[in-house]
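Pasting the structures here.
The two complexes that follow have subunit A in common; it is paired with subunit B in the first and with subunit C in the second.
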Partner chain A sequence: MVKEHQIIAGNFDLAGRASSDLKRLLKHSAAYPRLFINRVCSASYEAEINVVIHSVGGYMTYEVESDTIELNFYDDGPGIPDIELAMKKGYSTATQIAHLNGFGAGMGLNNMKELSDRLTIHSSPRGTHLQMNFKVGERDV
Partner chain B sequence: MSKLSALLENTHYEVLNPSQDDLYFEGVYATDLLSTAIKHMKPDMALITMISTNSTLNLAMMVDFNLIILTKDAEVSDTFLHKATLEEITIVKTDYLTHEVIIDMVKRGFL
Partner chain C sequence: MKLNELMALMDAKSYTPTLMKDKDIHFAFCSDLMSDALVIMNSVKDPKILEHTILITGLATQQSIRTAEMLDVDVVLLVRGKIPSEKVILLAHEAQVMLLSTETTMFNASGILFEKGIRGVKYNIQW
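And then the complex of A and B:
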(Lines of atoms letter the chains of each structure in order from A and count residues from 1; the text may use other names and numbers.)
(Lines give C-alpha, C1' and ligand atoms only; values in the text may rest on other atoms or scores of the structure.)
Protein backbone atom coordinates (compact mmCIF):
# COMPACT_ATOMS: atom_id res chain seq x y z
CA MET A 1 0.00 0.00 0.00
CA VAL A 2 1.33 3.43 -0.98
CA LYS A 3 -0.02 6.73 0.30
CA GLU A 4 1.03 10.37 -0.11
CA HIS A 5 0.71 13.38 2.23
CA GLN A 6 1.48 17.04 1.65
CA ILE A 7 3.73 18.81 4.17
CA ILE A 8 3.41 22.58 4.50
CA ALA A 9 6.49 24.68 5.24
CA GLY A 10 6.45 26.57 8.54
CA ASN A 11 3.20 25.02 9.76
CA PHE A 12 3.91 23.28 13.06
CA ASP A 13 0.22 22.84 13.80
CA LEU A 14 -0.33 20.60 10.81
CA ALA A 15 2.99 18.80 11.10
CA GLY A 16 2.37 15.26 12.20
CA ARG A 17 -0.69 14.60 10.05
CA ALA A 18 1.15 12.20 7.78
CA SER A 19 2.79 10.37 10.67
CA SER A 20 -0.52 10.16 12.54
CA ASP A 21 -2.17 8.65 9.50
CA LEU A 22 0.64 6.13 9.18
CA LYS A 23 0.33 5.28 12.86
CA ARG A 24 -3.40 4.68 12.58
CA LEU A 25 -2.79 2.36 9.66
CA LEU A 26 -0.08 0.37 11.43
CA LYS A 27 -2.07 0.08 14.66
CA HIS A 28 -5.15 -0.98 12.78
CA SER A 29 -3.31 -3.76 10.99
CA ALA A 30 -2.36 -5.33 14.35
CA ALA A 31 0.60 -6.96 12.63
CA TYR A 32 3.38 -4.84 14.09
CA PRO A 33 4.89 -4.70 17.60
CA ARG A 34 4.10 -1.52 19.52
CA LEU A 35 7.77 -0.54 19.78
CA PHE A 36 8.18 -0.94 16.03
CA ILE A 37 5.21 1.33 15.36
CA ASN A 38 6.61 3.92 17.75
CA ARG A 39 10.02 3.75 16.11
CA VAL A 40 8.62 4.18 12.60
CA CYS A 41 6.22 6.97 13.54
CA SER A 42 8.73 8.86 15.67
CA ALA A 43 11.21 8.88 12.80
CA SER A 44 8.44 9.87 10.42
CA TYR A 45 7.40 12.76 12.66
CA GLU A 46 10.98 13.93 12.96
CA ALA A 47 11.27 13.93 9.18
CA GLU A 48 8.00 15.81 8.81
CA ILE A 49 9.23 18.45 11.23
CA ASN A 50 12.44 18.70 9.24
CA VAL A 51 10.50 19.52 6.07
CA VAL A 52 8.38 22.05 8.00
CA ILE A 53 11.43 23.79 9.44
CA HIS A 54 13.94 23.71 6.63
CA SER A 55 12.15 23.58 3.29
CA VAL A 56 9.68 25.54 1.22
CA GLY A 57 7.30 22.59 1.42
CA GLY A 58 7.10 19.03 0.24
CA TYR A 59 5.37 15.72 0.66
CA MET A 60 5.89 12.26 2.06
CA THR A 61 4.92 8.85 0.84
CA TYR A 62 4.85 5.62 2.72
CA GLU A 63 4.82 2.10 1.45
CA VAL A 64 3.82 -0.66 3.83
CA GLU A 65 4.55 -4.26 3.02
CA SER A 66 4.40 -7.29 5.27
CA ASP A 67 7.34 -6.67 7.62
CA THR A 68 9.01 -3.72 5.93
CA ILE A 69 8.08 -0.07 5.64
CA GLU A 70 9.58 2.55 3.37
CA LEU A 71 9.13 6.26 4.00
CA ASN A 72 10.08 8.89 1.45
CA PHE A 73 10.18 12.61 2.10
CA TYR A 74 10.56 15.01 -0.81
CA ASP A 75 10.87 18.76 -0.58
CA ASP A 76 11.44 21.60 -3.01
CA GLY A 77 14.55 23.09 -1.52
CA PRO A 78 16.73 24.84 -0.63
CA GLY A 79 18.57 21.57 -0.02
CA ILE A 80 21.29 20.54 2.42
CA PRO A 81 24.64 21.96 1.29
CA ASP A 82 26.74 19.62 3.44
CA ILE A 83 24.96 16.42 4.46
CA GLU A 84 27.87 15.17 6.56
CA LEU A 85 27.85 18.38 8.59
CA ALA A 86 24.06 18.30 8.91
CA MET A 87 24.27 14.77 10.35
CA LYS A 88 26.45 15.96 13.21
CA LYS A 89 24.64 16.19 16.55
CA GLY A 90 24.07 19.79 17.53
CA TYR A 91 24.51 21.30 14.08
CA SER A 92 21.41 23.27 13.19
CA THR A 93 20.24 26.07 10.94
CA ALA A 94 16.77 26.14 12.49
CA THR A 95 14.91 29.34 13.28
CA GLN A 96 13.56 30.77 16.53
CA ILE A 97 10.06 29.44 15.79
CA ALA A 98 11.45 25.92 15.59
CA HIS A 99 13.09 26.38 18.97
CA LEU A 100 9.84 27.63 20.49
CA ASN A 101 8.21 24.42 19.29
CA GLY A 102 10.85 22.28 20.96
CA PHE A 103 12.86 21.47 17.86
CA GLY A 104 15.86 22.76 15.97
CA ALA A 105 18.69 21.58 18.18
CA GLY A 106 20.44 19.65 15.46
CA MET A 107 19.24 16.20 16.46
CA GLY A 108 16.70 15.47 13.74
CA LEU A 109 18.77 13.70 11.11
CA ASN A 110 20.69 11.84 13.77
CA ASN A 111 17.48 10.64 15.38
CA MET A 112 16.19 9.46 12.02
CA LYS A 113 19.38 7.55 11.41
CA GLU A 114 19.19 5.82 14.77
CA LEU A 115 15.48 5.07 14.62
CA SER A 116 15.47 3.71 11.08
CA ASP A 117 17.23 0.63 9.74
CA ARG A 118 18.49 2.54 6.72
CA LEU A 119 18.58 6.24 5.96
CA THR A 120 19.57 7.70 2.60
CA ILE A 121 19.62 11.37 1.68
CA HIS A 122 19.98 12.97 -1.73
CA SER A 123 20.02 16.73 -1.79
CA SER A 124 20.55 19.59 -4.21
CA PRO A 125 19.49 23.26 -4.16
CA ARG A 126 16.30 22.16 -5.92
CA GLY A 127 15.30 19.89 -3.08
CA THR A 128 15.96 16.93 -0.85
CA HIS A 129 14.85 13.32 -0.98
CA LEU A 130 15.14 11.50 2.31
CA GLN A 131 14.33 7.81 2.46
CA MET A 132 14.00 5.63 5.55
CA ASN A 133 13.52 1.89 5.61
CA PHE A 134 12.30 -0.15 8.55
CA LYS A 135 12.11 -3.84 9.22
CA VAL A 136 10.76 -5.48 12.33
CA GLY A 137 13.76 -6.61 14.37
CA GLU A 138 15.01 -7.60 17.80
CA ARG A 139 14.90 -4.07 19.17
CA ASP A 140 11.15 -3.94 18.55
CA VAL A 141 10.25 -6.89 20.73
CA MET B 1 3.51 1.65 37.06
CA SER B 2 2.44 4.82 38.86
CA LYS B 3 -1.09 6.07 39.22
CA LEU B 4 -1.97 9.64 38.24
CA SER B 5 -4.45 9.90 41.09
CA ALA B 6 -1.59 9.26 43.53
CA LEU B 7 0.46 12.04 41.95
CA LEU B 8 -2.51 14.39 42.30
CA GLU B 9 -2.61 13.86 46.07
CA ASN B 10 -0.10 16.70 46.13
CA THR B 11 -2.14 19.84 45.48
CA HIS B 12 0.69 21.40 43.49
CA TYR B 13 -0.65 19.36 40.54
CA GLU B 14 -3.92 20.04 38.75
CA VAL B 15 -5.56 18.20 35.86
CA LEU B 16 -6.61 20.67 33.16
CA ASN B 17 -8.74 18.44 30.94
CA PRO B 18 -11.06 15.47 31.37
CA SER B 19 -8.92 12.53 32.31
CA GLN B 20 -9.13 8.78 32.16
CA ASP B 21 -10.18 7.53 35.60
CA ASP B 22 -7.31 5.16 36.18
CA LEU B 23 -4.44 6.63 34.19
CA TYR B 24 -1.11 4.97 34.82
CA PHE B 25 2.35 6.00 33.72
CA GLU B 26 5.65 4.18 33.74
CA GLY B 27 8.53 6.52 34.46
CA VAL B 28 9.02 10.08 33.29
CA TYR B 29 11.15 11.99 30.84
CA ALA B 30 11.84 15.67 31.39
CA THR B 31 12.88 17.97 28.57
CA ASP B 32 11.96 21.09 26.65
CA LEU B 33 13.69 19.75 23.58
CA LEU B 34 11.21 17.45 21.89
CA SER B 35 13.82 15.85 19.63
CA THR B 36 15.43 14.26 22.66
CA ALA B 37 12.02 13.04 23.79
CA ILE B 38 11.46 11.44 20.37
CA LYS B 39 14.70 9.60 20.78
CA HIS B 40 14.48 8.53 24.39
CA MET B 41 10.86 8.24 25.47
CA LYS B 42 9.11 4.91 25.73
CA PRO B 43 5.39 4.21 25.52
CA ASP B 44 3.38 5.00 28.66
CA MET B 45 5.97 7.35 30.14
CA ALA B 46 4.94 10.84 31.28
CA LEU B 47 6.57 13.90 29.73
CA ILE B 48 7.56 16.78 31.98
CA THR B 49 8.01 19.94 29.94
CA MET B 50 7.08 23.58 29.57
CA ILE B 51 6.52 23.29 25.81
CA SER B 52 2.74 23.40 25.38
CA THR B 53 2.30 23.41 21.61
CA ASN B 54 0.70 21.09 19.11
CA SER B 55 4.13 19.58 18.61
CA THR B 56 4.06 18.29 22.18
CA LEU B 57 0.73 16.59 21.56
CA ASN B 58 1.88 15.17 18.23
CA LEU B 59 4.91 13.76 19.97
CA ALA B 60 2.69 12.10 22.57
CA MET B 61 0.65 10.52 19.81
CA MET B 62 3.72 9.23 17.99
CA VAL B 63 5.50 7.84 21.02
CA ASP B 64 2.30 6.58 22.63
CA PHE B 65 2.15 8.25 25.98
CA ASN B 66 -0.87 10.07 27.36
CA LEU B 67 0.31 12.16 30.27
CA ILE B 68 2.00 15.55 29.93
CA ILE B 69 3.02 17.47 33.03
CA LEU B 70 3.45 21.16 32.29
CA THR B 71 5.77 22.98 34.64
CA LYS B 72 5.69 26.49 36.04
CA ASP B 73 5.37 29.28 33.46
CA ALA B 74 4.04 27.00 30.71
CA GLU B 75 1.19 28.77 28.95
CA VAL B 76 -1.82 26.64 28.10
CA SER B 77 -4.26 27.64 25.38
CA ASP B 78 -7.82 26.40 24.92
CA THR B 79 -6.81 25.03 21.51
CA PHE B 80 -4.07 22.99 23.10
CA LEU B 81 -6.41 21.59 25.74
CA HIS B 82 -9.10 20.85 23.18
CA LYS B 83 -6.76 18.87 20.99
CA ALA B 84 -5.30 17.06 24.01
CA THR B 85 -8.79 16.03 25.07
CA LEU B 86 -9.64 14.82 21.57
CA GLU B 87 -6.50 12.70 21.54
CA GLU B 88 -7.12 11.42 25.08
CA ILE B 89 -3.93 12.99 26.39
CA THR B 90 -4.13 14.16 29.98
CA ILE B 91 -2.63 17.54 30.77
CA VAL B 92 -1.45 18.20 34.30
CA LYS B 93 -0.26 21.66 35.31
CA THR B 94 2.02 22.29 38.24
CA ASP B 95 3.59 25.34 39.81
CA TYR B 96 6.76 23.32 40.36
CA LEU B 97 9.83 23.80 38.20
CA THR B 98 11.06 20.73 36.33
CA HIS B 99 13.61 19.71 38.94
CA GLU B 100 11.06 20.20 41.70
CA VAL B 101 8.70 17.77 39.99
CA ILE B 102 11.48 15.20 39.85
CA ILE B 103 12.39 15.76 43.50
CA ASP B 104 8.73 15.41 44.51
CA MET B 105 8.37 12.20 42.54
CA VAL B 106 11.48 10.69 44.01
CA LYS B 107 10.44 11.67 47.54
CA ARG B 108 7.02 10.10 47.09
CA GLY B 109 8.36 6.93 45.50
CA PHE B 110 7.19 7.40 41.91
CA LEU B 111 10.76 7.16 40.63
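And then the complex of A and C:
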Protein backbone atom coordinates (compact mmCIF):
# COMPACT_ATOMS: atom_id res chain seq x y z
CA MET A 1 0.00 0.00 0.00
CA VAL A 2 1.36 3.42 -0.97
CA LYS A 3 0.13 6.74 0.35
CA GLU A 4 1.23 10.34 0.01
CA HIS A 5 0.96 13.32 2.38
CA GLN A 6 1.77 16.96 1.79
CA ILE A 7 3.98 18.68 4.38
CA ILE A 8 3.64 22.44 4.75
CA ALA A 9 6.68 24.52 5.69
CA GLY A 10 6.47 26.33 9.02
CA ASN A 11 3.04 24.93 9.90
CA PHE A 12 3.35 23.42 13.36
CA ASP A 13 -0.41 22.93 13.72
CA LEU A 14 -0.32 20.26 11.03
CA ALA A 15 3.21 18.98 11.69
CA GLY A 16 3.00 15.31 12.57
CA ARG A 17 -0.32 14.71 10.84
CA ALA A 18 1.14 12.34 8.27
CA SER A 19 2.91 10.32 10.96
CA SER A 20 -0.26 10.15 13.06
CA ASP A 21 -2.10 8.84 10.02
CA LEU A 22 0.59 6.20 9.49
CA LYS A 23 0.47 5.26 13.19
CA ARG A 24 -3.29 4.75 13.14
CA LEU A 25 -3.09 2.71 9.94
CA LEU A 26 -0.40 0.39 11.32
CA LYS A 27 -2.12 0.05 14.69
CA HIS A 28 -5.41 -0.96 13.09
CA SER A 29 -3.80 -3.44 10.74
CA ALA A 30 -2.61 -5.42 13.81
CA ALA A 31 0.07 -7.04 11.64
CA TYR A 32 3.15 -5.44 13.17
CA PRO A 33 4.79 -5.63 16.62
CA ARG A 34 4.12 -2.60 18.74
CA LEU A 35 7.80 -1.73 19.13
CA PHE A 36 8.16 -1.76 15.35
CA ILE A 37 5.19 0.58 14.89
CA ASN A 38 6.55 2.97 17.52
CA ARG A 39 9.99 3.25 16.00
CA VAL A 40 8.66 3.65 12.45
CA CYS A 41 6.25 6.39 13.50
CA SER A 42 8.71 8.20 15.79
CA ALA A 43 11.27 8.32 12.97
CA SER A 44 8.59 9.44 10.54
CA TYR A 45 7.54 12.18 12.93
CA GLU A 46 11.13 13.46 13.29
CA ALA A 47 11.52 13.54 9.51
CA GLU A 48 8.21 15.31 9.06
CA ILE A 49 9.18 17.93 11.64
CA ASN A 50 12.48 18.45 9.78
CA VAL A 51 10.63 19.25 6.56
CA VAL A 52 8.36 21.67 8.46
CA ILE A 53 11.31 23.41 10.17
CA HIS A 54 13.97 23.50 7.50
CA SER A 55 12.45 23.32 4.03
CA VAL A 56 10.19 25.40 1.84
CA GLY A 57 7.72 22.50 1.87
CA GLY A 58 7.47 19.00 0.54
CA TYR A 59 5.72 15.69 0.86
CA MET A 60 6.16 12.22 2.26
CA THR A 61 5.17 8.84 0.95
CA TYR A 62 4.95 5.57 2.76
CA GLU A 63 4.96 2.12 1.31
CA VAL A 64 3.75 -0.59 3.63
CA GLU A 65 4.55 -4.24 2.90
CA SER A 66 4.04 -7.32 5.06
CA ASP A 67 7.28 -6.99 7.07
CA THR A 68 8.96 -3.91 5.63
CA ILE A 69 8.09 -0.24 5.44
CA GLU A 70 9.70 2.40 3.28
CA LEU A 71 9.32 6.09 4.04
CA ASN A 72 10.35 8.81 1.60
CA PHE A 73 10.50 12.51 2.36
CA TYR A 74 10.97 14.98 -0.48
CA ASP A 75 11.27 18.73 -0.23
CA ASP A 76 12.04 21.59 -2.60
CA GLY A 77 15.06 23.02 -0.83
CA PRO A 78 17.16 24.74 0.33
CA GLY A 79 19.04 21.46 0.94
CA ILE A 80 21.51 20.33 3.59
CA PRO A 81 24.94 21.85 2.72
CA ASP A 82 26.96 19.44 4.87
CA ILE A 83 25.17 16.16 5.66
CA GLU A 84 27.99 14.85 7.84
CA LEU A 85 27.84 17.96 10.01
CA ALA A 86 24.04 17.82 10.15
CA MET A 87 24.28 14.22 11.43
CA LYS A 88 26.34 15.37 14.43
CA LYS A 89 24.40 15.11 17.67
CA GLY A 90 23.49 18.58 18.89
CA TYR A 91 24.27 20.39 15.65
CA SER A 92 21.27 22.46 14.70
CA THR A 93 20.30 25.36 12.46
CA ALA A 94 16.74 25.44 13.79
CA THR A 95 15.17 28.72 14.81
CA GLN A 96 13.27 29.88 17.89
CA ILE A 97 9.91 28.73 16.49
CA ALA A 98 11.16 25.13 16.35
CA HIS A 99 12.39 25.35 19.94
CA LEU A 100 9.01 26.68 21.06
CA ASN A 101 7.52 23.54 19.56
CA GLY A 102 9.78 21.13 21.39
CA PHE A 103 12.20 20.40 18.56
CA GLY A 104 15.33 21.85 16.97
CA ALA A 105 17.96 20.54 19.38
CA GLY A 106 20.01 18.78 16.73
CA MET A 107 18.72 15.31 17.55
CA GLY A 108 16.43 14.57 14.62
CA LEU A 109 18.75 12.97 12.07
CA ASN A 110 20.51 10.98 14.78
CA ASN A 111 17.24 9.70 16.11
CA MET A 112 16.14 8.71 12.62
CA LYS A 113 19.37 6.81 12.09
CA GLU A 114 18.95 5.01 15.39
CA LEU A 115 15.29 4.15 14.88
CA SER A 116 15.45 3.05 11.23
CA ASP A 117 17.26 0.08 9.69
CA ARG A 118 18.60 2.17 6.82
CA LEU A 119 18.74 5.91 6.32
CA THR A 120 19.85 7.53 3.07
CA ILE A 121 19.95 11.24 2.32
CA HIS A 122 20.48 12.96 -1.02
CA SER A 123 20.56 16.70 -0.92
CA SER A 124 21.18 19.64 -3.23
CA PRO A 125 20.09 23.28 -3.05
CA ARG A 126 17.04 22.28 -5.10
CA GLY A 127 15.84 19.83 -2.51
CA THR A 128 16.41 16.90 -0.21
CA HIS A 129 15.29 13.31 -0.50
CA LEU A 130 15.43 11.34 2.73
CA GLN A 131 14.62 7.65 2.68
CA MET A 132 14.17 5.33 5.63
CA ASN A 133 13.69 1.58 5.48
CA PHE A 134 12.38 -0.56 8.27
CA LYS A 135 12.21 -4.30 8.61
CA VAL A 136 10.61 -6.22 11.43
CA GLY A 137 13.54 -7.74 13.34
CA GLU A 138 14.91 -8.94 16.65
CA ARG A 139 14.82 -5.48 18.21
CA ASP A 140 11.05 -5.37 17.79
CA VAL A 141 10.25 -8.47 19.81
CA MET B 1 -0.36 5.07 42.03
CA LYS B 2 -3.80 5.71 40.61
CA LEU B 3 -4.16 8.59 38.16
CA ASN B 4 -6.91 10.15 40.29
CA GLU B 5 -4.59 10.20 43.29
CA LEU B 6 -1.82 11.75 41.20
CA MET B 7 -4.18 14.48 40.02
CA ALA B 8 -5.33 15.22 43.57
CA LEU B 9 -1.72 15.50 44.82
CA MET B 10 -0.94 18.40 42.51
CA ASP B 11 -4.43 19.75 42.07
CA ALA B 12 -4.43 18.89 38.37
CA LYS B 13 -7.38 19.51 36.09
CA SER B 14 -8.31 17.57 32.98
CA TYR B 15 -8.88 19.13 29.56
CA THR B 16 -10.29 15.86 28.27
CA PRO B 17 -12.96 14.92 30.85
CA THR B 18 -14.73 12.50 28.52
CA LEU B 19 -11.57 10.45 28.01
CA MET B 20 -10.69 10.18 31.67
CA LYS B 21 -10.25 6.77 33.24
CA ASP B 22 -8.57 5.88 36.47
CA LYS B 23 -5.47 3.87 35.69
CA ASP B 24 -2.27 2.83 37.41
CA ILE B 25 0.75 5.06 36.84
CA HIS B 26 4.18 3.57 37.64
CA PHE B 27 6.55 5.60 35.45
CA ALA B 28 7.06 9.16 34.25
CA PHE B 29 9.20 11.03 31.77
CA CYS B 30 9.86 14.78 31.88
CA SER B 31 10.97 16.83 28.92
CA ASP B 32 10.24 19.93 26.92
CA LEU B 33 12.31 18.47 24.10
CA MET B 34 10.23 15.97 22.19
CA SER B 35 13.19 14.44 20.34
CA ASP B 36 14.52 13.18 23.68
CA ALA B 37 11.15 11.77 24.64
CA LEU B 38 10.93 9.97 21.28
CA VAL B 39 14.33 8.34 21.37
CA ILE B 40 14.51 7.43 25.06
CA MET B 41 11.00 6.03 25.24
CA ASN B 42 11.57 4.09 22.02
CA SER B 43 14.37 2.21 23.78
CA VAL B 44 11.87 0.72 26.22
CA LYS B 45 11.23 -2.87 25.19
CA ASP B 46 8.40 -3.69 27.57
CA PRO B 47 5.19 -2.09 26.22
CA LYS B 48 3.58 -2.45 29.66
CA ILE B 49 5.92 0.28 30.93
CA LEU B 50 4.70 2.94 28.51
CA GLU B 51 1.12 1.92 29.15
CA HIS B 52 1.66 3.02 32.74
CA THR B 53 3.76 6.09 31.98
CA ILE B 54 2.87 9.76 32.15
CA LEU B 55 4.60 12.39 30.01
CA ILE B 56 5.29 15.56 32.00
CA THR B 57 6.03 18.65 29.93
CA GLY B 58 5.80 22.41 29.77
CA LEU B 59 5.11 22.21 26.04
CA ALA B 60 1.44 23.00 25.51
CA THR B 61 1.43 22.58 21.71
CA GLN B 62 0.18 19.80 19.44
CA GLN B 63 3.66 18.34 19.46
CA SER B 64 3.43 16.96 23.00
CA ILE B 65 0.20 15.16 22.05
CA ARG B 66 1.69 13.81 18.82
CA THR B 67 4.75 12.60 20.70
CA ALA B 68 2.60 10.78 23.27
CA GLU B 69 0.57 9.26 20.45
CA MET B 70 3.66 7.95 18.63
CA LEU B 71 4.82 6.27 21.84
CA ASP B 72 1.48 4.83 23.06
CA VAL B 73 1.67 6.99 26.17
CA ASP B 74 -1.86 8.03 27.00
CA VAL B 75 -1.43 10.67 29.71
CA VAL B 76 0.21 14.09 29.23
CA LEU B 77 0.58 16.43 32.22
CA LEU B 78 1.25 20.08 31.47
CA VAL B 79 3.16 21.80 34.27
CA ARG B 80 3.70 25.45 35.25
CA GLY B 81 0.05 26.23 34.58
CA LYS B 82 0.32 25.99 30.79
CA ILE B 83 -3.04 26.33 29.06
CA PRO B 84 -3.47 24.33 25.83
CA SER B 85 -5.32 25.89 22.89
CA GLU B 86 -8.61 24.51 21.56
CA LYS B 87 -6.72 22.88 18.68
CA VAL B 88 -4.47 21.03 21.10
CA ILE B 89 -7.44 19.81 23.13
CA LEU B 90 -9.17 18.64 19.93
CA LEU B 91 -6.07 16.72 18.89
CA ALA B 92 -5.85 15.12 22.35
CA HIS B 93 -9.40 13.82 21.90
CA GLU B 94 -8.64 12.60 18.41
CA ALA B 95 -5.48 10.80 19.58
CA GLN B 96 -7.20 9.52 22.76
CA VAL B 97 -4.60 11.15 24.99
CA MET B 98 -5.68 12.30 28.46
CA LEU B 99 -4.51 15.90 28.80
CA LEU B 100 -3.99 17.26 32.31
CA SER B 101 -2.66 20.53 33.66
CA THR B 102 -1.24 21.68 36.99
CA GLU B 103 0.20 24.92 38.37
CA THR B 104 3.03 22.91 39.99
CA THR B 105 6.49 23.32 38.41
CA MET B 106 8.18 20.43 36.62
CA PHE B 107 10.73 19.75 39.36
CA ASN B 108 8.16 19.88 42.14
CA ALA B 109 5.66 17.73 40.25
CA SER B 110 8.41 15.17 39.63
CA GLY B 111 9.45 15.27 43.31
CA ILE B 112 5.90 14.64 44.48
CA LEU B 113 5.62 11.61 42.16
CA PHE B 114 9.07 10.27 43.03
CA GLU B 115 8.19 10.35 46.73
CA LYS B 116 5.17 8.22 45.92
CA GLY B 117 7.31 5.60 44.18
CA ILE B 118 6.91 6.69 40.54
CA ARG B 119 10.16 6.10 38.65
CA GLY B 120 11.60 7.85 35.61
CA VAL B 121 11.76 6.18 32.21
CA LYS B 122 15.38 5.82 31.05
CA TYR B 123 17.26 3.98 28.27
CA ASN B 124 16.31 0.28 28.18
CA ILE B 125 14.51 0.41 31.51
CA GLN B 126 13.05 -2.85 32.85
CA TRP B 127 9.97 -3.10 35.02
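As a convention for this text, the second predicted complex is superposed on the first by the 141 of 141 C-alpha atoms of A that agree within 3 Å, B and C clash if a C-alpha of one lies under 4 Å from a C-alpha of the other, contacts with A are read in each partner's own complex, and residues count from 1 in each chain.
Heads up, the rule we're going with is that a contact is a pair of C-beta atoms (placed from the backbone, for glycine too) under 8 Å apart; a residue touches a chain by one contact, two chains touch by 3 or more.
Owing to the predicted nature of the structure, the values given are computational and were not obtained by experimental measurement.
**Student:** Classify the contacts of A:L109 with the two partner chains as first (subunit B alone), second (subunit C alone), both, or neither.
**Tutor:** neither
**Student:** Considering only the touch criterion stated at the top, classify A:A47 as touching first (subunit B), second (subunit C), both, or neither.
**Tutor:** neither
**Student:** Can A:M132 be said to touch subunit B (first), subunit C (second), both, or neither?
**Tutor:** A:M132: touches no partner chain.
**Student:** I'd like to check the shared interface: which positions of subunit A are touched by both subunit B and subunit C across the two complexes?
**Tutor:** Touching subunit B and subunit C on subunit A: residues 12-13, 15-16, 19-20, 23, 34-35, 38, 41-42, 45-46, 49, 100-103, 105, 107-108, 111, 114-115.
**Student:** Looking at the complex, which residues from subunit A come into contact with subunit C?
**Tutor:** Listed in rising order, the residues of subunit A that touch subunit C are 12-13, 15-16, 19-20, 23, 34-35, 38-39, 41-42, 45-46, 49, 100-103, 105, 107-108, 110-111, 114-115.
**Student:** Show me the residue ranges of subunit C that touch subunit A in the complex, using the header's touch definition.
**Tutor:** Subunit C residues touching subunit A: 32-36, 38-39, 42, 45, 47, 57, 59, 61-64, 66-67, 69-72, 87, 95.
**Student:** Spell out the part of subunit B that touches subunit A in their complex, as residue ranges.
**Tutor:** 32-39, 42-43, 49, 51, 53-56, 58-59, 61-64
**Student:** Once bound in the complex, which stretches of subunit A touch subunit B?
**Tutor:** Interface residues on subunit A, with respect to subunit B: 12-13, 15-16, 19-20, 23, 34-35, 37-38, 41-42, 44-46, 49, 100-103, 105, 107-108, 111, 114-115.
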